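Each of the two complexes below includes subunit A, the first together with subunit B, the second together with subunit C.
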Partner chain A sequence: MQQKPRAYEVQLAVIGSGLAGFAASIFALERGLSTAQVGNTGAVAYTTGYLDLLGYHPVTGQQMLHDPWQGLETLRRDEPGHPYALIRNDEIADAFHLFTRAVSDMGVNYSAPGENNLAALTPSGTFKPTLSVPLTMLPGVEAHRRAARTRIVDILGLKGFSAREVVANLQDSWPGLSAVTINFPGMESGSQVYPEVMARALQVPAERELFAQQLREVAGDAEYLGLPAIMGIHEPDAVHNDLERLSGLRLFEIPTMPPAVAGIRLREAFEQIFPERGLLLIPQQKVDRVTPEADGTTLRLKDSYGDVSIHAQAVILATGRFLSGGLEALRDGVREALLNLPVTQPEGREAWYRERYFDPRGHLVNRAGIEIDPQFRPLGRDGKPASKRLFAAGVILAHQDWIRQRCGAGIAIASAYKAVESAAAMLTRQT
Partner chain B sequence: MSTRGHEAELFETDVLIIGGGVTGTGVMRDLALRGIRCLLIDRRDLNAGASGGNHGLLHSGGRYASADTETATECRQEGAILKRLAAECIDDCGGLFVAVEGDDIDYAERFPERCAAAGIPCEPLTPAAARELEPGLSDKAFAVYQVPDATVDPFRLTLENVNHAQQLSDSQYLPHTEVTDFEMDDHGAITATLCRNNRSGELRRIRASQVVNAGGAWAMEIARMAGCSDVSLIYSKGTLIISNIRLSDRVINRLRPPGDGDILVPGGTVSVLGTTSDNVESLERIRPTVDEVERNLAQGAMMMPRLDHTRFIRAFSGVRPLLQASGAGSDGRKASRGFTLFDHESQGLSNFATITGGKLTTFRLMAEKTGDLVAARLGVDTPCRTATEPLPSGDAIRWTEPGFAARYWYNRRDPKDMILCECEMVPQSAIDQIVEAAPGAEEKMSLEAIGLRSRVGKGSCQGSFCAIRVGSYLYERGVYDSPDGLRQMRNFVDGRFKGVRPVLWGEQMTQMELAEALHCGLMGLDKIGSNEPGSGE
Partner chain C sequence: MTGTPVVDPIIDFRARAEELLPEGASYDACLSCGLCSSGCPASGLEGMNPRQFIRMAMLGMNEELSTTPWIWTCTQCQRCTYVCPMSIDIPALVGMARGAWPWEKKPKGIVRSCQAQLRFSSTSAMGLRSEDFIEIVDEIAAEVREQDDRFKRLNVPIDKQGARFFINQNSREPAVEPEELGPLWKIFDYVGADWTYASKGWAAENFCMFTGDAAAWEEMVRKRVDAVNELGCKVWVNTECGHSFYTIWKGIQRFGLEANFELGNLISYYAQWIREGRLPVNSEWNRDNLKFTIQDPCQLVRKSIGDPVASDLRYVARKLVGEENVIDMQPCRSANYCCGGGGGFLQAGMTENRRAYGKRKFDQIMATQADYVLTPCHNCHSQMEDIGEHYGGHYRVVHYWTLICLSLGILGENERKYLGPDLAEIGLQS
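So, the complex of A and B:
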């Protein structure tokens, strides 16, 4: 089906559909900017659902940060190039609140970002320091804090999630913890089962009744049951509440290995709700070319219906790192894939990675990325902003290590907030 | 065979063999076939040394024909024996020698007559005919010869050696047992070998009538512990890289004096390019570097231009123990590839022997010579049988063969038998068999040990995902029941990283980023302790 090229005119175009891209669209719509967003789902598909602000500082620390806000103050002093050094604590807090409220409005409820990090459970029975978690996962934090009698449930045929593994790693600090395996109703053959399939099944009330009965049967004297994340895709809180009502137990989810439902929930909620709110969303596509013009910037891409062009007054680049294609690692260096912006990087491949994988300092190549000015405008080779219309957000930014510092969502959300703020200011100046 | 005293665990055997490489396991099987009971030990595990870090080329002898007719002849003879007796370890794929523009024309022209001198069949091909057989060959090739090269799976070979020996006699294999010292009597006999159990840190004392040092590159160190100064080795480090696809049907050798990146060896669904050769002073901290990868690629691409656009999944290094013959100088590539058996009688010892040098291809012959000496010393006159007795295979040792797991799984089609390693299609039942019955299987077996006995961790994900799935499965089965299981996962991916690191660009880099997000971001493996004894080097 070949149609004539479609051309759109917007104030702001967001490139990238990761957390930074979605956060940017949320903030832009709140400001009433006409906005387009293009991008395949990136790392969102892999996320645990936890929204991290800052888990460790210094990165070599063995102790997780209890107060991440205090940690941010120290981080700015120790790492003045870090993207967080360009964003104040009150701005970050505002960004988190706006973001979690918007996502909650879309049907995926999050705990309110607070003063302290939460110790959230992982599928290996370790803890992740994070700021805000989906409400379906929050009772796990509580159960652990209270060392309540809890049973971890795994499902026959679900690979990479073992209740006994969770228990083996937590039993010393959590004596009331036990493990049990159940069959998912209708999937009893013992062959492989997938979180997404189970989550979609649990959208159906009759399935929930059968499942809740299974849970009741294996609960023993446990007050809480911890399950892999499978409690629904759309409006998971409704599924969660209903299962608690039917089983008479407190239930919580633990993230699973990717592809996991937490990310699918966010993606589907965004893709459904955003267009209703006026966002021009072109999902699952990549921008091929960006052409600066006198009166704006034109993005070009192709989708299954043909050519699309988007003419925008301002552009936010939120294309992520290697996994999402924002950065490319070639044999002779790292480059920024779309605009060929200069990338700050270690000299030569031998310096990219340290000798040991788990070197607590993290790998230097993970701190490679693009440079920005305080308005979040990427810098060109001359050290000046590449364009007055171009802004950047997310983990493509240099001088941070989101994996080791546990700050992925935080950088995405906070930098998107600042990039939108600067873009809006530029647009106001222009009119 | 063992009793636990209050200070050291005690073992007694007829022959102690030090070193679980292809040579040590070959000696074990050779002696077992003569009815002699042995104990094999390795400081780490089977194939932890050069036997796990080589090219897997079963040499036709062509590579040595120009410089060393004796080694070339040995390779030809031994290659033929192994093809007959260990067919399931071998892919008899054939090989080409290829000279490209810029290579020495005289050297290329003399090749057929040098092969003839060593009895190696060698057929000339026109470059056009060769490119028909191997479309990836450079169009700058000007001389091509076909020889009977083959490839061999050294993991399968050692596992089968040990398995057979254990079946034949009550011989035993002990992993992570490192020789630290010898006790001698006044008459030049070793009375006990002292070892450290690298997993528990405990002491082991082994009493044996005869001691064989098959320590490969470590043989000089071990001989010195016994007071012998007659073993003198050069350490030549070689690095190879593995592509994620098979680039040729046959072995492709560069027809010139040996240099970097001049052999491309296919293996199952991948190819291995190598090798560099650099003398090193120490055997510690051997790891492949970015520079070595680039050197291999620069040379290799002259024969096979596709190499420049290929995805590589890992690099690895091994150290060749080269015997320092007087007058050979210190060029690793020119030193002899032959082997030597030291009886150490000149050093005043009567029950100690060292076998080192040589090739994977010639391991059987090395084991035979060693077996002859040891048997004679023990007064056993049963002759060597390894040149006629086929190597039997076993259920628990089939899993190192590329593609075997997938065939096995499709034939059984049991949906309950879930695939844990998706790159290599390794199912749960494979892990069960290995944990229960593979040579060297033990309680709370490490993921590294399972990886060695299977294809787990060998595909394009390099263990990033399967280590976690296999680990979770072992928790589920109760094999792991403490945080030690997480440390196993951590150690395994840490070990694999050493080889992935120098080939991180393009898609492999993307994969690495996802892996790190999983291992650290999701599972928190970077924040758990790993300081247990024996966590690798």
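So, the complex of A and C:
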């Protein structure tokens, strides 16, 4: 069969479709760079939707950081190898603003990143410090701050979200909190109930009316209702507003356990809008091979239709950690999966984990990753940049523990900002 | 279709999976995250979902998996694979399970269609023979010539040696609604395309693929490939039918067939001809700003060509009905949901399951509040009409060719079956 090979030429290729990859594409488009992005479903699919900057420092302290910007200053002093040590506060703020504005423009509105962390609800009814939250979730922060009369609603058959559990965990700090269970219209049997399915149904005006009716019936004297995150996937704020209008209640969402909608919202918004803005997006695929050439770098992959090659002047590696496949844990150590870049890691597998899983200091393997220079170029075995064309961003970077520090999105967004900035500077020098 | 087993064969799913998967891939990689199930419209039907299917395969629950009727409700749309962080190919296992069912137990409608295809050289799943096809084509062509002076020299070539395009034909039009053949011919005539039908292997549908019988699938594709090779055409083009493209494209690769031609898809040719000014369509006819949404057929978009054809679908639609009148379904493009008509579901006789599956498509359409759904796929077309009626939607479903001819002012009065009263009179020659 004669099939034309597909070969593309771009200035910048982004490898990875996590927050770092998407952020890099946003920043690159903003700068007018011709850009391609390739990546599969990664950790972003499991996200709560919250964008964390820095929740804890030091990690052994139990206190949430109220002022993460101040926390960053301390972090830089204590951990000079941390990726945040290479990015100034004003740059991080700029990156967050650009990112949340771009995502809001795509129909998933986020609260503007502010001076302080917000205390945001988790699926189990605890709080986590975060910088920016989807507007569908924001009223929950406010309801808690005001200790307003609030009823948490769960749905028959929905696994991993229990209103009773949320209330049990919160009632000490939040009197006037109560729980109720409802049926989702059309899913009364309670079997195989998924947030995604309910969220899709609520995109339909007629379904919203039925659901709002259910909400009104169980609201009692509550001022707010807290729901699992199911208020639409596409332009969730419109769904949220309409449900508030129909029910006459203040509503907010609480993230649910995976499979949840927050990550789907982001992925689908990107997948729909990026191609319209001229980004060459090859969704849900992985790059198989990266070949440096005299006049650029060639990425090779196979998508459902066959072979694709992308020739780029600059490349950003944003392939994440173990879950997403950027790093691989082998018997003899941690490896960077695509380019075999050197990985800074503990000596020997025995040192990866501390004895206790919940050791507050965290596990050393979580700080493994690749090294970069101040231009965010990964370092080769000789300690020099592996290539003038290669940049890196996201949680693949060494010397951070995003889980314990609660800084996952922040590292992704801020490092993508810097990587794109450096790539753009390199491209300008070249021409 | 020989060697029908007497007892239900129990497949060793785990072992077969190892053979089936490309190197490095493994069902063991499943994280049990449930993204596949959450995004699968067949979740919950027959008490099964894709995550459960994988788990059961890994646990060696072969008997259950070899006999669950769920495999006929999975349309093999590959949406699960698309969203899976590990790219786990669940429909490949489903296809294998389908193949292992004894013929007499497989859904009769799918089997009958496949048998019909194998019977005649036409390869028509509706059992339409080539001599009848040719007669119908001649008759309708004569009608078109007579009705519209502008097409009085319209020619519908059959077996034209060396024509550039080999056009296949879904049997539905000649067998059930022959008046729907005309619009496409008019478009070819309008752009002066050098094309031909063939007197054998002209049909496009392939239900043998859906039976899970690889040998029958191969036989079907081979006959059609031979027909194109014989005529020496440069490009094989599917009509507005999704799986006809997938089945031949995938079949050629999978069975290593020698095909001396390219595979083209009609939508991208529409787009090209519009860009080149050869199909000067516009949206002036849409005075009431009727809203249109687009159904991306899985077989054409996610499962094969991907984003380029999704973009062409939108480009053509926007030209036809006006930029602001196209409202995308969510999700769309490669992430779109299967309508529930694919994989032989429409023919499988499992109406209740099929409609339950289609509820998600129905919701997607209703969320757009569109008046019309545009789709270049017969199965999508039938399924979306059926669920619309069943769940009480008020949208209509149309082919691209109808709107192209409508816009060009060349759509005949009898070619408007799928248009509503709002468009029944537009552009009719007085």
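Definition applied: the second predicted complex is superposed on the first by the 429 of 431 C-alpha atoms of A that agree within 3 Å, B and C clash if a C-alpha of one lies under 4 Å from a C-alpha of the other, contacts with A are read in each partner's own complex, and residues count from 1 in each chain.
Note that in this section a residue touches a chain if its C-beta (ideal position, glycine included) is under 8 Å from a C-beta of that chain, and two chains touch if they have at least 3 such contacts.
These numbers come from a predicted model, not from an experiment.
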| item | value |
| --- | --- |
| Combined model on subunit A: subunit C and subunit B, fit or clash | fit |
| Partner chain in contact with A:Phe161 - subunit B first, subunit C second, else both or neither | first |
| Partner with the higher number of touched subunit A residues, subunit C or subunit B | B |
| Contacts of A:Ile403 with subunit B and subunit C, given as first, second, both or neither | first |
| First, second, both or neither for A:Leu323, with subunit B first and subunit C second | both |
| Contacts of A:Thr126 with subunit B and subunit C, given as first, second, both or neither | first |
| First (subunit B), second (subunit C), both or neither touched by A:Tyr46 | both |
| First (subunit B), second (subunit C), both or neither touched by A:Gln192 | both |
| Which superposed partner A:Tyr8 touches (first subunit B, second subunit C, both, neither) | neither |
| Touching partner for A:Pro258 - first (subunit B), second (subunit C), both, neither | both |
| Which superposed partner A:Ile233 touches (first subunit B, second subunit C, both, neither) | second |
| Least Cα gap, in Å, left between subunit B and subunit C after the two complexes are fitted on chain A | 6 |
| Residues of subunit A that lie at the interface with subunit B and also at the interface with subunit C | 46, 191-192, 258, 323 |
| Residue ranges of subunit A touching subunit B (in the complex, touch as defined) | 43, 46, 48, 56, 62, 64, 122-128, 154, 157, 159-162, 164-165, 168-169, 181, 189-192, 255, 257-258, 321-323, 328-331, 348-350, 352-353, 355-358, 360, 363, 366, 402-404, 406, 408 |
| Contacting residues of subunit C [partner subunit A, same complex] | 31, 33-35, 37-39, 43-44, 47, 49, 78, 82-85, 87, 249, 252-253, 257, 259-263, 302-307, 311, 328, 330-335, 359-360, 363-364, 366-367, 369 |
| In the complex with subunit A, residue positions of subunit B that touch it | 287, 289-291, 294, 415-416, 418, 420, 465, 468-469, 471-473, 475-476, 478, 480-483, 485-486, 489-490, 493-494, 497-498, 501-502, 504-506, 509-510, 512-514, 516-528, 530 |
| Complex contacts: residues of subunit A adjacent to subunit C | 1-4, 40-42, 45-46, 186, 191-192, 194-197, 200-201, 203-207, 233-234, 258-259, 264, 267-268, 271-272, 275, 281-284, 286, 303-305, 323-324 |
